[in-house]
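Next up: the structures, one after another.
Across the two complexes that follow, chain A remains constant while its partner is chain B and subsequently chain C.
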Partner chain A sequence: MPSTFIRVLVAIGGFIVGVLLVLSGFYLYPFPHVSRTARVMPDFGAGKDVEVYALDGHLDRPGTTVSITQGSETPFAPQPSGVQLLSEPAIHGGLALITRLRDERGEIVGIATELESVHEDSRLLTGKLMTHTTWTVVLPGHGGLFLYQVEDNWWLATRIVGPALLTGRPWRGQWRNLNTLGPLPNGHGRIVAATGDYAERRGTFVETAEMREFTPTGKMDFTMELRLALEPSMDPNSTSAP
Partner chain B sequence: MRDSPTQLFAATLLTLWTSVASSQDQLAEYSNPEPGEKVLAFYSKMPEQAVAVTHSGHVGLGFFPADIPKFTEPGIRTGLIANLKLADANGQVIGFASELELFPYASPADADDVRWNTGWALAIAGRGMIFLEQIEHSGGLGPKVIQPTRASGKDWVGDWKITTTVGPLPNGRGRIIGGTGEFAGIGGSFVELDRLTRFTVDGNMDVELELRLFTK
Partner chain C sequence: MGRTFLIAVLAGALAAVIGLASFDLAGVSQQPAQLEPAGDAGTSTERWMIEARDRIAATGDGLQPVPAGIATLRDARLAGLNVATMKVRNVSGEVVGVASRITANEQDLGVRAVWWTFVMGTRGTLAAYLPDQAVTGAGQLLGGTRSFDRASGQFSEERQADGGYRLRLTRMKP
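Showing the complex of A and B:
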């Protein structure tokens, strides 16, 4: 008859194996939303005016990104040195980014900020690590856009950021992803308001990303794009904001 | 040696005069709620609650952090972005925000009263987001504060309250243009109120900022 010690050992071992199996299940489970890039992107912008604005960051040279900060020093390296962290309890789960934007010719044509807050419906069980994200875009001479989307970062967290932080080794590759998950039924984000040339133009948008490297210190080689799909303007009059 | 009562009186008068002279309040009447309006206010203090501030240098203000990349490219050199933390009336941080400004070519550091367009995005933790647009004016910041500071080489210290909002609504207020979460469907107007108490030689400010939203 096994001793109490062995029984306890077996129980602990069984618990650990069970946890690992559950985590592996979540890691490997093909959550439907993870494959949305292939489903959503081919039809994006069909019949619409599509505009693309890009931002980037690099390890070996400056990118368009001006500032990134969040609640702590990880997962993304705060930049520049001395930028304030969102360290207070209420905003610890937030992220704030400032960037310049390039047009499709590579010219700097605008400035923008991205603000992210943790989405209350994020669940391990559903494979969703979501944020409420707003983009505010100013394109001097053209107008401004206030954009809102729900983002999902499950793949980014489990395949790129998590492994790099856990192993202490950089992730390298070429990962292209549609970050936007909604809130619109077709999986696009919403244009909340627009001014100047964009005033009264209905449309949607998505945020896509290409990650090429992510280091354990949170530095990245990446490109992100804001893709707008706009209906033709119905009212040439514009409001006053940028 | 102790001051005489006359000297003390004169010193008090001088202090009072200095205080009045430095207090150049420009608070617009439309900064107060109309009957039936509810007020929703958010506050921020700079430099304590500044997250990051950048522009091209065109506007005569400082940068935070000092080595933040600047908007030097021709297409964006009249732009400014300030990311700030937001607090409630008790000073508790409850959110964060981005202010995006697009200035004319005339700099508020040089011209008497410059007007520019501003967009705000507010992220209020656990509640939702709010989007605002306004026209702001400098109200004489250049000649009253920036130029004397540059000329003297000394920080400006005073107490100047100003409603920076001058539109685009006919009553002078800015417009609440939308929201999400708890603020979905929000509408109404708002003003930005700034209280400037220091302007340093390198362009940094001690400012208490209030975003005062008026909803029905």
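Showing the complex of A and C:
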């Protein structure tokens, strides 16, 4: 009897060890797409007209964000108080955000919305937590852009948001990341459509982020940038926005 | 005993791999299009609706703030602009996507344009545009992704008294 009891204990212990080995292996495995920031960003915008628009959020003062919500109260704190959640099954994995946009001088020059839906190819086994992300950028007096990208949040979820939520302690640091993971072969997002000054412009874009703090309540100190790489304009009278 | 431990480790590892592989991160529910019976040759028509309760957030010139405490847009460059995010329903009343609507001056001509963006889950993204808000029904589809890739055709919005919308899109068949 003692021998059987010990054998069962050994089996349970071995099973747990096996589970933990696999989980820690996937957690630590250097999935190739995780290192894309260093591969893609150095050449971004080479030979192109680059425009950068930023949004931010802070813990101690208002940022540019006007509204954010998703399917539940986590991971990002819904804002403002009373904003409804995306609780219906068809949109539960998504996100809806409104933000003002700053130019490179820090001045507010436009408005943007970010709408996300969960990407059907997201897999833990491949280290991909992806969304279909659509940005709509309107720069009054200049025009609008509809931008589409596939976005991956594996590192954000496993190294920042997950640990903060599990431990109940805030994450602090300086994490810079290229969020965009396509769909274009060079890793950029694509311009779906554009109007006004941008109507005849061709180009691509990426979304980058710098996270400085994330609290267990889902509040953040962060900056994100939308970086447009536009083919040089052929129209000598066109105005570079804004 | 050592053999038992080794077998258990392998079983645990296999169970973990199966668990990771079968974990459904997406939970995507398919929402097929509800097209109207064919009208003009070469087009297909679909209607969506947004009810007053579907407004997620709204702020800016001429819009009732939703929710009540939402930030106002006081920046000089955003004067006269308004923006909203909303849930979108099909004609059966089911929520099938999310949308944003932005109204602003396209260029410095005093004409207010409207940019609509629809994210309809696995169906993809659709971009629509009304170059002059004052001209009812004169909108156009500008393109999209996936099932809306290269979408073109007509788009119209009909504002309801309660703040909702009735939307109609007539796509040219590729």
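FYI, the second predicted complex is superposed on the first by the 228 of 242 C-alpha atoms of A that agree within 3 Å, B and C clash if a C-alpha of one lies under 4 Å from a C-alpha of the other, contacts with A are read in each partner's own complex, and residues count from 1 in each chain.
Just so we're on the same page, contacts are C-beta pairs under 8 Å (C-beta built on N, C-alpha and C of every residue); 3 or more make two chains touch, one makes a residue touch a chain.
Since we're looking at a predicted model, the values are computed, not measured.
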For the overlay on chain A, clash or fit between chain B and chain C?
-> clash
Kindly classify A:I6 by the partners it touches after superposition: chain B alone (first), chain C alone (second), both, or neither?
-> second
Check whether A:L129 is in contact with chain B, with chain C, with both or with neither, and answer first, second, both or neither.
-> second
Given the superposition on chain A, which partner contacts more residues in chain A: chain B or chain C?
-> C
Considering only the touch criterion stated at the top, classify A:Y148 as touching first (chain B), second (chain C), both, or neither.
-> both
Which of the two partners, first being chain B and second being chain C, lies in contact with A:F15: first, second, both, or neither?
-> second
Partner chain(s) touched by A:A96 [first = chain B, second = chain C, both, neither] | both
For chain A, give the residues common to its interface with chain B and its interface with chain C.
-> 62, 66-67, 69, 80-84, 86, 88, 90-91, 93-94, 96, 98, 100, 107-111, 113, 115-117, 120, 132, 134, 136, 138, 140-141, 144, 146, 148, 192-193, 195, 242
Hey, which residues of chain A end up touching chain C in the complex?
-> 6-7, 10-23, 26, 62, 66-67, 69, 80-84, 86, 88-94, 96-98, 100, 107-111, 113, 115-125, 129, 132, 134, 136, 138, 140-144, 146, 148, 192-193, 195-197, 242
Can you list the chain A residues touching chain B in their complex?
-> 62, 66-67, 69, 80-84, 86, 88, 90-91, 93-94, 96, 98, 100, 107-113, 115-117, 120, 132, 134, 136, 138, 140-141, 144, 146, 148, 192-193, 195, 239-242
Residues on chain B engaged by chain A in the complex (per definition of touch) = 49-52, 54, 64-69, 71, 73, 75-76, 78-79, 81, 83, 85, 92-98, 100-102, 117-119, 121, 123, 125-126, 128-129, 131, 133-135, 167-168, 175, 177-178, 180-181
Over in the complex, which chain C residues touch chain A? Could you list them?
-> 1, 4-17, 20-21, 23, 25-29, 31, 56-57, 59, 67-71, 73, 75, 77-81, 83, 85, 87, 94-100, 102, 104-108, 113, 115, 117, 119-122, 124-125, 127, 129, 131, 142-145
